[in-house]
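To start, the structure under review is shown below, and the notes come after it.
Chain IDs A, B, C, D and E follow the sequence of writing; residue 1 opens each chain.
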Amino acid sequence: MLKINNLEKSFGGIIATGNVTLELQKQTINAVIGPNGAGKTTLFNLITGKLKPDTGKVFIENKEITNLDETETTQMGIARAFQITNIFPNLTVYESIKLAILSKHNGLNNMWTRFKDHNVNYEADKIMKLAGLTKSKNIISSELSHGDQKLLDIALALCLKPKLLLLDEPTAGMGPEERWKMIDRIKELWKKTKITILFIEHDMDIVFGIAQKIYVLQQGAILAEGRPKDIKKDQKVIKAYLGGGKK
Amino acid sequence: MIKRNKHTRRTVIKNAALGIGALSFSAGFPSILKADDNIKIGVPTILSGRVAQLGISVTNAIKMAVNKFNEEGGLDGRKIELIIRDSRAKPDEAARVCRDFINSDNVDVIVNAEASGASFAVQEVIRESGTLCLHTVSETTSLTADPSIRAWNAFRFSRQGIHDAVGSAKYAAKIIEKKGIKKWMSINPDYAYGRDSDDTFFWALEKFAPGFELIGKGWPKIFQPDYTEVITKIAREKPDAIYSSLWGGDLVSFIDQASLYGIFKNTEFFAINLADYTTMNAIRNLPKGLHSATRYVAAWPDTEENRAYDKSYTDLYGDHPTNWSWEASIAIDYLINALKETGGTDNKKLAEALKGKTIPSFMGVGEGNTVTIRDRDQTITNYSIGWGTTIPKEPFIQDVQAANWDTIENLEEEWLTNKGWI
Amino acid sequence: MSLLEVKNINAFYDSSQVLFNMSLNISKNKIIALLGRNGAGKSSTFKAITGIIKVKSGSIKLDGKELMGNSINSRAKSGIGYVPEDRQVFPEHTVEENINLGKKNNLKNINNWDLEKIWDTFPLLKNLRFRLAGQLSGGEQQMLSIARTLAGNPEILLLDEPSEGLAPIIVEEIEKLIDKLEKIGVTILIAEQNMHFCMKVAKEAIIIDKGQSVWSGSIKELNKDKKTRDKYLAI
Amino acid sequence: MISFLKKDSFSRDACLALLSWVFLIVVFFIIPDPGVHDIIQKVFILGLFALSLNILIGYLGLIAFGHAAFFAAGAYTLGLFLQSDFIKIYNFGSFSIPVAILLSILVSGVLATFIGAICIRLKDIYFSFLTLAFQMVIYSIILALVDITGGDQGLMGGFPKPPFLGIDLSKPFDFYAFTIFISILVILVLRQLIESPFGYGLRMIRDNAERPAALGFNNQNHKLIAFIIAGSIAGLAGSLQALLDVGAYPEWAFWAKSAEPLFMILLGGMNTFLGPLMGALIFEILNDFVTANTKYYGLVLGLVILSFVLGLKQGLLDWMVIKFKESRNKNAQNK
Amino acid sequence: MELVAFLECLTSASCIISQTAGGLKIGMLLFLVASGLTLVFGVLGVINFAHGALYMLGAYFSWQVMNTTGHFGLSVLLGAIGVSIVGLMFERGLLNRVYNAELLIQILLCYSIVLILDDLVMIIWGDEFLSSIGIPEIFQVPPLFVLDAIIPPFHLAIIGLSLLLAIGLWLLMTKTRFGHLVRAAAVNPNMLEALGINTTVIRASVFVLGSFLAGLGGALASSIGSVVSGMGNSILVESFIVTVIGGMGSIGGAFLASIIIGMARSFGAIAMPLFTDGIMFLIMVLVLILRPHGLMGDKK
């Protein structure tokens, strides 16, 4: 599904991503973990085309997307939700979602119909239901609870009907209860859509709770990858997390 | 150190200004406060910003004349009611104020006390409405000289650039002869008035003293605070003479700054707008021997009437009249004359009464000290134009020589013909 | 009596809550490690104490004096010394100028951190004193950031991930520095995810997880307690 | 019928627009005071100017400082065209005015394309300053090209207003009805634009300039189109103003002129569609009342702005809308 | 374009000297005002549209002191100090309420102050322009001749004084604790707060310093030019140009840009006498397009 070959990126001599190679299977949930500054978010930026890699290649379904920009990768089926909630604070949930759907259909250049009359309601309803936002339909985004804002962020990504969904710390800034609600939501969503998901997360309970495959990133490189139970036992990983190995 | 004795004068001006503020406040509700058969005069002018001085000296003069008229019983009991409004020196605002006068206040006459740019805007409004309009400030020749801009119902009571230019050139020619001046420079404000003034002066000078050399021009922006770049140019070119139509605060700043370069030591300076009290008072050290036209000075024309005018104005407002004051005064004199003659406010009749009319005036140099509204272009002639040299103290100007109106009108005609305007 | 007493604080970044009824007790002259995974709330705890992020309820006392409601600078003046994770040295100022910026005129000059003492403690920085801070390496910047805060004679030093992103040799330098500070009697709270580093420098530890403090005790104890470690720190 | 009017649709807005026009025509005859007609006309002209700027400020979040450049471009285009020999040679005759207005829109639109393409690449205050600088370059050019523009005196000598389609703009009623009709028409179109997917796209960029790219949406094109539309409408406002004052003045390209629509937006409100029009009304009434009563216009305007900035903290219409919603919510809760 | 005149000037030593001296004087006076504007922007993040109004107040204040005491130095100094006090009141009373508000609100607040002050000075000092306060007696001497170029001693004094102030400002910013704090506050106010520094005080003092510079510029300008309501507008626009060209917040940049603008005016008056303002705006457009952050600005 997603294939990354020898991806490298450095900023002013500091290597942010160094020689990452990975391949995601279709319809799986995958996690990227690693200490602060390991280059997780940079990796996402490289996949979506927000940043351009120095070397290496990225493919999605065997089509190369290495040098496409953000708008183009979305058309290739990649969507992302952000670490810091990235929504439209003054628009309602429904408006935001409709906008995302319309932009997918290049519908935003239309000046001659009413936005309100746009017949994307079925699709929008479906996505709101999927994200559990139906109740909040007419609430201004900035007035949503933090968890719902995160859900809206994910919902916006879903509007693009992506093949690959990138989630950057979906539970950041949430209380314990809210976290599990969020995880249930993501699980359910995955069950219904079977989108391939790659997510970054710090909460290990969550990572081990839902990921089918885990990639451990350190200093921009992949330290280990594998099924959760293998990763748990991996000596390199234990060292990285419990100290000593940190360079 | 330099003496400063302007406290009292400033205070008086300030009080006068506040008075006007209050007066114009009540003027805002004329229909409620005043009787209906009044003769209404709308005065669009500039009361705020850096040329507020213009509006104040004009309205002072108008009020002085109107009050006298009203006290004497008006026109068979009908009194003149003034409505004065500020256009903030914006042409579109002047047009709006004028439309308001005509449409809402139903004024009988407009006495336009706007500077040139806004005067053209006023001209367009009154051209459409047909309201009688008396221009009192704009000196731009084309306002009445250009037949495509002229209007049957508009009269000019202000100086005209071409008249001044010819008068100035004639005077300059004499000085050229006396002092052997060859090289000229001109420093004029970078706007229509300045450019016109530059054009016409040198055109006329060519007629009286051909063979001079114009070695450079400076075009400071209007209200420019710093003239260094222009002055260094003069200091470098070392002209024998400079012609300038800068005025007001700009002229003051220019003279202050140019003095630092010692410009006036070896160069004859011809400033057409210098001899106005406001300007001369404001110059720190008025250099001796600058040449200036008499904008308004009590000493010229050297007549009883003129001194009386100065005295009555000064008694009322604590300050001398300005160039704008006398222009407005004459306009009102003319208007009152016409009102009395026609006995009403019919604009067509009033216009007829104004056309070609000669009346005696303190600024008049026509036969028997009269001024005339010329029939052809409805503009004032035979007003006093004099040139003299400055001295640092009152009366500020001496050795005044009067311009000859025959010479002026002859050359004016030639100039207009060249322009294709007659 | 504890030097710093944090009781039931709830802190927020805009609308998102980051600390949930967090409580801490730090006693004087100790080096204490604040452990927890990424995103557990270590940095947020520090920022809540310094006043950088909004604390809606609870209390924060230093030496018995309530800090809640005070501005960031007055908390610093009361003795909170904060060394941020990303060091935040002033890049256009020299090393010495940076240190001088940390000076403040508080009366309780317990440890008397004047420039001389700082150069004694940080000989490396003395050699670089006229260099612009922006040109220093990460480790040097970390040293500078600590020195700068010390120049203000804090009662307590909050060190946020001092070893992060540094080469092992530099980390060792930092370890030595902390040892040195311990001997002088500086109270330090170190936020770390690197357990190994903490074992070397701290005697006591507090573990926080998901915005709450969940465990406290001595480092030795923690070293033995595999269950706790696995639950909160390991993968 | 009532339910039809409740639904937010183009046809409803069109009906309302027509009704307001008819209403204002009735007003013309009920209140025969030409001063009032003058204020209404100017409110619409300035309202167009402010509404067009609010596309950028309120809906796109771009603070443009140089909007008067387009206003002046429209005014000068109209004036120069009407004074040109063109209309005599090619015998535009009765259609010279509509052609001149269209030309004004076109020219200011082209100018906006050029300036906008360069400016929208910059953000925040840099965008604002670049628009300001462009405007002042245009101002300097107008002043320098004396032979064409009349320099500081503006376009003099008036222009012909030949009747077209039975409309004679030199008659007060015709001018009043025509100006208000055109303005309402454009406001209607603008309303459609703002309520269309395109308009919501603008709001999206305003709220979050980063995210739309990750939704596969091209920000820059969208911004540029909005900039061109705003510039063209400002040009139209300028051309109507020029028709009203029978002239065009360099002051209209000066930076202080750009401050006027900002005041109107502040006074009326930037979050409600008609806020800027309301602002124009306040501004015009203030202008009329204050200049009639005191010469300290700046002082009064300054104090009014200060009280809005520090007191109400939003435009009047915005404030009213919020109050209205609050009270409606309260009522709903009480029920 | 008057290319011939321009080239002629460039081949004449006296022309180059006199135009350069003139340009320097324009530039240095401009720098005084613009440095205050850029300083305030750097630390407070506010575009102070009222800066020109403060400049005007400086001129009026010094005029008032001159007419009361007759002492030149005192007039200039008290004029600048008076403006500092007004600046302090403005910052504490009004501006600090909008630090976190939108750009538009900040600008409108400042602009409303311009409108108010422009009218207020007319109410207090009258509508008429006031005469300049004149120059001190020791400068009322014949101008100097350098290689045939005329240079008034007073201009040299202004250039010298401004240069001294520029150096003083540089020393203040680089050598004193206050300067270090100010520069640090411009880069990272939060960190400074966490080090126990009250940045509110720093902001206020920077605004006072900025006002002082504006007031000083106005007071000095009143020595050779008439004093009038609205006189701050053109200097405000020029200060914006300088601030943008130099890089917003950069004092060094403001210095460089002031000299560029001074020279552009001085030599532009020869090359393109009818388009000198246009030249300045064209430079501004070009800088914004090619280097939006200015010649010496931070890419923050």
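Everything that follows uses one rule, which is that a contact is a pair of C-beta atoms (placed from the backbone, for glycine too) under 8 Å apart; a residue touches a chain by one contact, two chains touch by 3 or more.
This structure is a prediction, so every number in the text was calculated from the model and none was measured.
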Topological distance between subunit D and subunit E, in contact steps:
1
From the C-alpha centres, identify the chain that is farthest from subunit C.
B
The chain pair with the larger count of contacting C-beta pairs, comparing C-E against A-C, is A-C
Let me spell it out: compute each chain's centre from its C-alpha atoms, then which one is farthest from subunit A's centre?
B
Which whole number of Å gives the spacing of the CA centres of subunit A and subunit B?
76
Between subunit A and subunit E, the Cα-mean centres are separated in Å by 51
Could you tell me the distance, in whole angstrom, between the mean C-alpha positions of subunit B and subunit E?
35
Each of the following residues of subunit B touches two or more other chains, namely 47-48, 52, 190
Mark out which residues of subunit D touch at least two other chains, giving numbers and ranges.
143, 296-298
For each chain, which other chains does it touch, given as pairs?
A-C, A-D, B-D, B-E, C-E, D-E
Please output the residues of subunit D touching subunit E within their complex, sorted ascending.
57, 63, 118, 122, 124-126, 128-130, 132-134, 136-137, 140-141, 143-144, 255, 259, 262-263, 265-266, 296-299, 301-303, 305-306, 308-310, 313
Residue positions on subunit E within touch of subunit B in the complex are 5, 9, 12, 14-15, 18-19, 21-23, 25-26, 29, 66-67, 70, 118-119, 122-132, 134-135, 137, 139, 142-143, 149-150, 152, 154-155, 221, 224-226, 228-231, 234-235, 265-266, 268-270, 273-274, 276-277
The answer for subunit A against subunit D in the complex is residues 48, 50, 69-72, 74-75, 79-80, 82, 86-91, 95-96, 98-100, 102-104, 107-118, 156-157, 159-160
Could you pull out which subunit A residues touch subunit C in their complex?
33, 35-37, 85, 142, 145-146, 149, 169, 172-176, 179, 202-204, 207-208, 231-232, 237-238, 241-247
Under the definition above, what is the set of subunit E residues touching subunit D in their complex?
47, 94, 97-98, 103-105, 107-109, 111-116, 118-120, 122-123, 237, 240-241, 244, 248, 274-275, 277-278, 281-282, 284-285, 288-289, 292-293
